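Just passing along the structure, written as structure tokens.
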Amino acid sequence: MKFSATQITSQQAMSYARQMLNTYPHHSRIDAGVLAAAIDALSDCVQACTADVDADLSESDLADMVKCIRLCLHCTDVCAATLGVVSRPAEYDANVTKPLVEACVAICKSCGDECERHAHMQAHCRVCGEACRRCEQACRELLAAIT
Amino acid sequence: MKFSATQITSQQAMSYARQMLNTYPHHSRIDAGVLAAAIDALSDCVQACTADVDADLSESDLADMVKCIRLCLHCTDVCAATLGVVSRPAEYDANVTKPLVEACVAICKSCGDECERHAHMQAHCRVCGEACRRCEQACRELLAAIT
Amino acid sequence: MKFSATQITSQQAMSYARQMLNTYPHHSRIDAGVLAAAIDALSDCVQACTADVDADLSESDLADMVKCIRLCLHCTDVCAATLGVVSRPAEYDANVTKPLVEACVAICKSCGDECERHAHMQAHCRVCGEACRRCEQACRELLAAIT
Amino acid sequence: MKFSATQITSQQAMSYARQMLNTYPHHSRIDAGVLAAAIDALSDCVQACTADVDADLSESDLADMVKCIRLCLHCTDVCAATLGVVSRPAEYDANVTKPLVEACVAICKSCGDECERHAHMQAHCRVCGEACRRCEQACRELLAAIT
């Protein structure tokens, strides 16, 4: 249960993405810190967007939440695929990874913008918007590292 | 069991992707025939690549199959995400869909090339290579329709 | 484009799931016809439920569609995972596959029931409900074959 | 970048799963702490198993890694689906969630056992095995909370 601050030790504080990269038998061309940060941010964004769809569907002003729901669904799918591809760095191909991460940046940007529009009313959209912003930023840094 | 030719009727022959688009309450800017063909090809490619990984792992010349396995895993993830995004056309954004479909074309091309290299030895790679080629082609047609 | 009846040949009529099983180097304990039918039905159900969520979100009586949207989202996730696991039959474990397919039967039943409730008003729910019913049935037959 | 111990603050230490549940507008029957712990463990397990497949494929004793690769692929699919379903608690149905989480416990157990078998040789399998064990445990606690 890593969400309890008192339970965090330096061991638990290192994400599995980072630990896996530290033990990876294949030499990657991408900086491990940038890659692990992207994997963690993608994973968080999948969590947040998945939950935000369900939370949005519980709101009374449903018609106003439709765009947010749709963008969260797209964001979940694109982040999950990007998470898969960048977590398997051995067979790396810029022609695949670059446009995929670009698609990820674009949907995290749109989804983050839309969540922010609801942030003053819906706390779950504020949290989800933060996850999208961090993921957008981590993917931009990954893009800079791979091109 | 739609794979038995004798059981196919015109009703069953229309894919669910096509039937769903025919009943879709939202007007899409993308030609329904092109979109349904892409969705079907993406779905077939996910099926074939998923199965091909397991089949590859059963071969005796495992070291020669590693690249094929890795490309099939990437292809499954990218095709599944693309399938999700293009199946929800209402909140369409070219900045997301275009690079995503481009990533899909690139991985279907690489994966199809690698499967073809094994096609004379492994029949499952021949079948999977065909699914990749059709998906690459269907995604190229989708790209032409959305840009 | 397998949705056009005139374009179907016996070659095209055989699904990739069936073709992959026909070329599979590993001997499976499960009947190939039952397994291929389940894989095809799962694949169709993923397609239909994904599209139905977007279609539901376009309806004016949104509050009445919330349950349908939520069940379609669950159904998509469970069917996609079941599709993956049963498409890799080599490392088969009844302790995993049996409860997974049972979860799939349960969500296809609930989702099919809810879609049917809307079928007279929304044609997309009628189509999606059919895909759920077929998938529920195909998974029941798979369950009977694996236990 | 939550993997650096020095960068962790109490704010960052709370996972997005926990933050989303804290802001959730729907009352859930399941304890939020147990649920958030399960979501985090599922997310970590997806990360670790995805990366472990790629790492396994880089090992020289490939034939000995085949079972581990196959179990990691199953584990990724089942954990990802379970993550999706339990992250949308509003439309909760024990007939779906219970067998799904049971399938998750079973695959995390098998995959953790197999990873442990390789742990003395492959550090990535040791890390992945830990993620599987924690996920198995978190899912057992979730099962106890939902039945």
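Brief remarks follow.
Chains here go by letter, A, B, C and D, matching the order in which they are written, and residues are numbered from 1 within each.
As a working rule, a contact is a pair of C-beta atoms (placed from the backbone, for glycine too) under 8 Å apart; a residue touches a chain by one contact, two chains touch by 3 or more.
Values in this document were obtained by computation on a predicted structure and should not be read as measured data.
Centroid distances built from C-alpha atoms place C farthest away from subunit A. Chain pairs C-D and A-C differ in how many C-beta pairs they share in contact, with the greater number at C-D. Mean C-alpha positions place subunit C and subunit D at a centre distance of 24 Å.
With centres set at the average Cα position, the gap from subunit B to subunit C is 17 Å. Look at where the CA atoms of subunit A average out and do the same for subunit C: the two points lie 28 Å apart.
Multi-chain contact residues, meaning those touching two or more other chains, occur in subunit A at positions 53-54, 57, 70, 73, 80, 84, 88, 90. Only residues 67, 70-71, 73-74, 77-78, 80-82, 84-85, 88, 90-91, 93, 95-100, 102-103, 106-107, 110 of subunit D touch subunit C when the two sit together in their complex. Taken in their complex, subunit C has these residues touching subunit A: 53-54, 57, 62-63, 66, 69-70, 73. Touching subunit C in their complex are the following residues of subunit B: 1-5, 8, 10, 13-26, 33, 36-37, 39-40, 43-48, 50-55, 57-59, 80, 83-84, 87-90, 122-124, 126-128, 131.
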